[in-house]
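Before anything else, here's the structure in question.
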Amino acid sequence: MNSASSVQTQVLIIGGGVTGTALARDLALRGVDCVLVEMDDINAGASGRNHGLLHSGARYVAGDREAAVDCRSEGDILKRMAKQAIQDTGGYYVAVQGDDERYIADFPSCCARSGISARVVDVALARELEPALSPRTIAVFEVPDASIDPFRLSLESMAHAQSLGARLMRRTRVVGFEREGRQIRAVRLQSRNGGQAQRIEAAQVVNAAGAWAREVALLAGAPIEMSYSKGTLLVTHTRLAGRVVNRLRLPGNADIMMPGGTVSIVGTTSTRVDALDDIRPTTLEADLIVAEASRMLPALAAMRYVRAYAGVRPLVGATGGRDARAVSRGYALFNHEDQGLDNLATITGGKLTTCRLMAERAADLVCRRLGVTRACVTATLPLPAVPECAWTEPGHSPRAWMRTLRLKDPLLCECEMVSGSAVDAIYAALRAAGDTPTLTDIGLRSRVGKGACQGAFCALRTSAHLYQGGGFQGSRGLAEILDFVGERWRGQRAVLWGEQLAQAELMEALHCGLFGEELQDDGLPDAPGQVAAGRAQR
Amino acid sequence: MKDASCISCDVAVIGAGMAGMAAALFAAQRGLRCVQIGNGGSLLFASGLLDLLGVYPVAERRLWRSPYEALALLAREQAEHPMARLAVASIRSAFESFVTALASAGLRYAPLGEFNRKVLTSIGTVKTTFGVPRSMIAGAAALEARPPCLLVDFRGLREFSARQIVATLGERWPGLRHQRIEFPGAESAPELYAAHLARALESRLMRERTINLVKPLLGDARAVGFPAVLGLARAGEVHAAFEEALGMPVFEIPTMPTSVPGLRLLGALETAVSKLGVRRRHQASVRALVFSAGAGPATLELDGAQGGERVVARAVVLATGRFTGRGLTAYRGQVRESILGLPVHQPDSRETWHQRDFLDPSGHAINRAGLEIDSAWRPLDAAGRPAWPRLFAAGSILAHQDWMRAKCGSGLAIATAWGAVEQVARQLRRVGAG
Amino acid sequence: MSQALFQTALYASLALCALGLVWRASAWFLVRIGPDVREITFSERVAAVYRGTIAALFSRDLLGLAGAFFLDVLLLRRLFAHEKLRWFGHLLVLVGFTLLLSMHALAPLVTANLFQGYQPTLAPYLLLRDLCGAMVLAGVAMIYFGRRRPQPGLAQPRRPLGMVFIALLGFVLLTGFLLEGHKIASPRAFQRMTERYVGYSDAQELEPLRALWASEFAVAFDHLKAPIDPGLVAQGRKLHSDACASCHARPESAFVSFPVARMLAPVTGLLDAARADVWLLYLHVFACFLGLASLPFTRLFHAVAVPLSLLVNAAATNRGYSSAGRAVQRALALDACVRCGICDARCSVAPLARNLGNAGLLPSHKLIASAALANGRLLRPGRESDALRAADGAFLCTDCGRCTSSCPAGLDLEDLWQAARGDLVAAGLPAPAHWVQERPALDWAESLGSGCGLHAFSDADAACAPLSADRNSFSRCVQCQTCTNVCPVVAHSIEKADGVDLTPQKVMNLLRLGLRDLALGSRMVWDCATCYQCQEICPERVRVTDIMCELRALAVQRLGAVRGTRGRS
Amino acid sequence: MKYALFLGCKIPSRLPAYELSARAVLGRLGVTLVDLEFDCCGYPARNVSRDAFVLSAARNLALAERAGLDVLAPCTCCFGTLRHAIRFLHEDAELRLRVKQALAAERLTWSGNTAVEHLLPLLAREIGADTLAAAVCAPRTGLRVAAQYGCHALRPSNVARMDNPMAPTIFETLIRATGATPVDWPRRLDCCGDPLHEANGPLAASMTRGKISDALESGAQAICTVCPHCHLRFDAVPAGAADPAIPVLLYTQLLGLALGLSAKSLGL
């Protein structure tokens, strides 16, 4: 451990989700040197596993007015400051027969109290504009919901921060804190693939690890009260509606369908979980979502779903057995000073919509401690668009590819129409940052593998492409394919019925039936004539 | 105005995957008048390699050199496996019969021996298989001896990187080299498709241009591998021309679907059944299948673009495949057989259909779901009796097998088709005699 | 009637007619239809016509030409083949009018010299004149009532001043009959004649003659009302045979005018007082002059253009056309067509025209469009939709040749359509397959302003493109690319730098992505050979080709709407 | 046997020899052909409006229905279009309603009883290849012929319902009946290129030439067609010095010759 290399910085941010990256950018803009460590990759946690909904706030008007107001004002800011990551689709709140009449009646006035516009829409007109709405719809309100691409937001925030001098360490896990009195002197890190140990000496440490914030805080010796709520979402094969469609009722299961570019995203569920390892969507959750959401959007019952995903919401201040939805979705900023630490802060909870605000508050705290007086500018300075970060937007790659059609640019991912040049650009950008890009990294930064085939074909084409360009060497490709397909499998498994099961069967026929990827030993002797080592062959 | 919308036959084969085609072929070879429904498109997912049985037991991932020994063990240990229901001799006959028919339709396979062979795949893994097309057999030999060898690929053929194969396998095959060339005339095409290259190479001119590009790259190579694009209907001719011009063994490496060997297989099988007088209904699907009482004929209502069609058949073989073939339909709660709603042997709940890991060694339980049959290949009803005396089932729709993991896809199709058709013939003969 | 006025009017009409004819004929040497004749000059055309005429007149073809003149021009053989009633009407008009013109209007020049003692008031001329007049009237009626009704639901093609001419003709005949009838019945005319020919004017002496003329010649004397004393009549007959019979036959044989005279009897006095004989004559004659002057400007011009066209055709039958000759013949065809509608009725795509509600598919409309295109009117601002409809019409034609074979004027319409298509292409109005490819698919999609996945399943295209609007028709797609692998179009275009942009599989996938608009303008959709290989083999039974066809129809509709004027971006 | 002959637009104007030879051959074989006032099959409108295309086709079918006759369409493209229209009418109830209403305005009805038949199955099945073979008096022995089916004769198979679309034999059987030898040519099921003639001339030419070279490489002395579009395509594709050419023969001409009919009566 002593041999570990040491890095010095002013602020160490732990966690590369929407808050961590926004914080890195905020600090960098204030001239503060920072390092962000992320145990996996950007938005690998809940930041990348949500609806991608830029809340108007209407969802919380009845239960959590403070959150509603935050959402409204932050939503407005993001719509101006991060235009490129947002599609201003608008949203409907829709009640169907049997829904709580009183809630429906109160809804407009509740919205008004929080300053949120909620316009009554004639049901017939709404159904004309969104034919997927149930014929049993009884009330529709229009609110300024929008769709946001959290990946683009985080990737561009980080890219901006890096351009201002911030550093990013991916796949690096915090393994320990070196404390000295009320100070954390250094944080010990372990790189996940290389296995190399590192040490960072930072004046301030911000724990923005999302759901993992409890573990990190515990490691630092400053435990916080947190509980976890797991939310599962389903991704449809085709997009069902143009707008965000919310169920007009108190927050419950499967009451939002988001337009996710070329698909729709339906969810969520809310289940208390105790552990963070192995969070994955289950078949029961998928069934629950289909059953509940199809009351509002009947076409969802027969819809083909391509995958599911599950994220964990960190809920602060509740450890009891109450319904996780009742716990505030507001954020929490801990200064840990009462726990005897003066240079640790934890920012967690909250929502995607309020990530900028959370970063601002955390940065304010850190800057106060550092004696930095520059004010936050993220509410007024637009987020610069970065071409390499645009590939996560659905529909972007087909257009970009069609623009360059006459060039020698093959499509690697047919479903989402991601071309070789897009993969090359992403690869080059990661490489330039000193990384060894994997298929999964490319998947996170593009739409590769997000489509109907769920990696069955595109993993192969992309790996062949990377081999050809020299990106992959040796026998690494096979492991990469297995990783990538295995990761997609986690999401697919819960929605494997109907057409998607046929698709999955084809995938297995290809990867196992033809390529035999599951066989650790192919029975080929190491040298001609030798009998294979390992498993005996008859 | 005439009504041409009703045809009668001895046996109606529903399905045109490997099992359906084999069943129609075997039935027609036995002189049965046969109508076959289904378009054969799923054969394009085939690699051209005919697996018999490569892995047993699946969970142990044990590879076998002799498929017949594996089959014998399988028959002893797993009696409910469909392939355990056939004598090894029958399976041999089925395979011989199948490849002979293919050969007569212009698609040649290397002589079937006693043992499985190993061939390269397009991602550099090594596949254990049984029946190998003539155009690929030199690859099996090369993989065994591993002489200096050149792999050639074409820019634009996205799913095939010779460089990847060499990188993956290079440690174990030091003499393996790769070269990428432009497909002649297609220098400006961003993407190439295997079938188009195969078509192009059937022209003498294109062949010569390609060979001329490869010749200077040969170096010390004693064998040359290509992606499987050497001709379609004229594959034999194209392959021979390459070998002659390059003066060394030339072999193809199967690509991912849609593959040229799959197209060849489909073409040869269609030609074979067409020659034998099988009446094909490619685009039709069975809207209703009604059996008359006792052992009377079945009536198949086909939906058709011209207002429907009726087929009256003395026996029916169900070879509709699994989920991809649409023989089985998976609803959220359960799996049902698509045409008749026959009971399907299946795991209890969807949560147990699939393992948490895609490559879990024991395979996914849903892949062993399927139809249960009696000793005469007749699917069973809920009471465990044959659903109908003259309804038979063959191929991957049958339960208690996992062909993808056991590497027995073609074997399962061909062998069970053989078994089912044998029973069809027996039953119909019995009626004829009685 | 004043001779000076008559002559002035006559020469003025003749001059106008001649000028008009020159003007119309000059168009045959100037109007350019078809890209193949664009470079041919006026003088080349004149030379070609001259050479052609000489060649036809001084060769064995003359016989054929004469035959064509007799059968096609005089006997209207081609019309006979399709429309018996109209053929008969035309024949009646042709014969009746020719006779009237030569024997009646030009009587002093023709009839008087041919027949000794010709007097218009003698038999059989009374009968013959009325017969000719009646033939013309009957013929005009037959032509009018035998005309083709417009195709249901489609606009009638605009016709060249057809009714004006018919009205004029009717007017001439009507005034003629009235004039004659009035003259028969007019006591004033009787008075004038007796003054001139009988020589004495004593009222009493003429009374018997009046009685006879009143009873047998239908002169409407006020005081001589039936019953007339037969004795007086008998006296009159004597007088009549001495003084009048050499010039006047009994007018009953004027089987039209005579009843007219009878009908006019009650008002004859008034008419006489109003000098009806004079102004009716003026009306009659000036109507004739007007007809003459307007000949080049009304539909009657076809009486000139059709025979010419038929003769040119006949002359070209054996030797074919030079390009200059073609140019002339095409221009001539524009004048020879009277929109009779026979071709429209025979047109193979007439049902399509009705179904699409675009009369622009019909030959008569196409001919008008060709003319409008040739003189540039079709391309003027404000006529964009006419131009687009014309282009639709031109490119949906199947070249079945039925219009040509049925044209009574023997026009080579197929040649005209071919030429017009060339002109349309040159004017930036090519077939959809071509105008769609003027811009890349992405450009089109952007000009449609379609958002990502937004409109794919909610728009009203479901009726015309139900498969592409229904997610179930492609939700089975497993991205296997079989469709692309079997596609001969993609296979053939790999060798081309400007090969297809998308592949069938990509088109299906764009539907799934809700990016259908990106496919509408793609080369793949428009280069699809509709050979159905993909649809036949698709393992998931996606109806790829049917969807391609739908997308084309949708593209024509939607891209057509944003195409703006004449497809020039 | 009695059919309403649906010649379509192409045959009378561009390939009268097909009409001539079809009438001669079918007359000899005892098939009565009735001429009705048919219009365009509707094909050109497929790219413009589904309704217009189906309605035009249905109108023709209704005319045949009024005459109580099945339709024989020697043009493969017309055959396919009429059959497609039937398909759409069967599967789309709303469309059916619209079409029936439109037809009613002309006092026509389409009830789906009119069959549309193609020359190949008529000859091979209704009349029978054996009957043909027996009637042949001047067999074309030694002539190696490449059968050009034409796409719409085979595909989609549920519309065409003629033969196995992947491995058809009906045309080859008919060629054998004339004493000629059918050759096996890999691209026999490909499109001739004609549909792209207007849209993309070079591509169409490449497709046609590809087929012609394939036929020649396969040893064919002539290509035999049953569709005016294919026929004219092979006939018309410019044969430059480097480009191959091959004689094109209509099957009705080949059969007519074998039946001993005069070349003139077959439009040769």
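Just so it is clear, A, B, C and D label the chains in written order, and each chain counts residues from 1 on its own.
Throughout what follows, contacts are C-beta pairs under 8 Å (C-beta built on N, C-alpha and C of every residue); 3 or more make two chains touch, one makes a residue touch a chain.
Quick caveat: nothing in here was measured; it's all calculated off a predicted structure.
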item	value
Subunit C and subunit B - chains in contact with each	A, D
Where subunit A and subunit B are represented by their mean Cα positions, the distance between them in whole Å	41
Subunit A and subunit C: spacing of chain centres that average the CA atoms, whole Å	72
Whole-Å separation of chain centres (CA-atom averages), subunit A against subunit D	59
Distance between chain centroids, defined by C-alpha means - subunit B, subunit D (Å)	35
Overlap residues in subunit A, where contacts from two or more other chains coincide	405, 411, 457, 502, 506
Residues within subunit D bordering two or more other chains	156-157, 165-166, 210
For subunit B, residues contacting two or more additional chains	39-40, 45, 188-189, 191, 199, 257, 266, 282-283, 324
Pairs of chains satisfying the touch condition	A-B, A-C, B-C, B-D, C-D
Subunit A to subunit C touching residues, read off their complex	87, 129-132, 237-240, 242, 259, 261-263, 304, 394-395, 398-399, 402-403, 405-406, 411, 414-417, 451-453, 456-457, 499, 502-503, 506
Partner subunit B, residues of subunit C touching it in the complex	478, 480-482, 484-486, 490-491, 494-497, 499, 503, 536-541
Parts of subunit D lying in touch with subunit B, wherever the complex brings them together	68-70, 83-84, 86-87, 90-91, 112-115, 156-159, 161, 163-169, 184, 186-187, 210, 213-214, 217
For the subunit B and subunit A complex, residues of the former touching the latter	45, 47, 49, 51, 55, 60-66, 69-70, 118, 121-128, 143-146, 155-156, 158-161, 163-164, 167-172, 180, 188-191, 254, 256-257, 322-324, 326, 329-332, 349-351, 353-354, 356-359, 361, 364, 366-367, 403-405, 407, 409
Contact footprint of subunit B on subunit A as seen in their complex	280, 282-284, 286-287, 290, 405, 407-412, 457, 460-461, 463-465, 467-468, 472-475, 477-478, 481-482, 485-486, 489-490, 493, 496-498, 501-502, 504-506, 508-524, 526-528, 535, 537-538
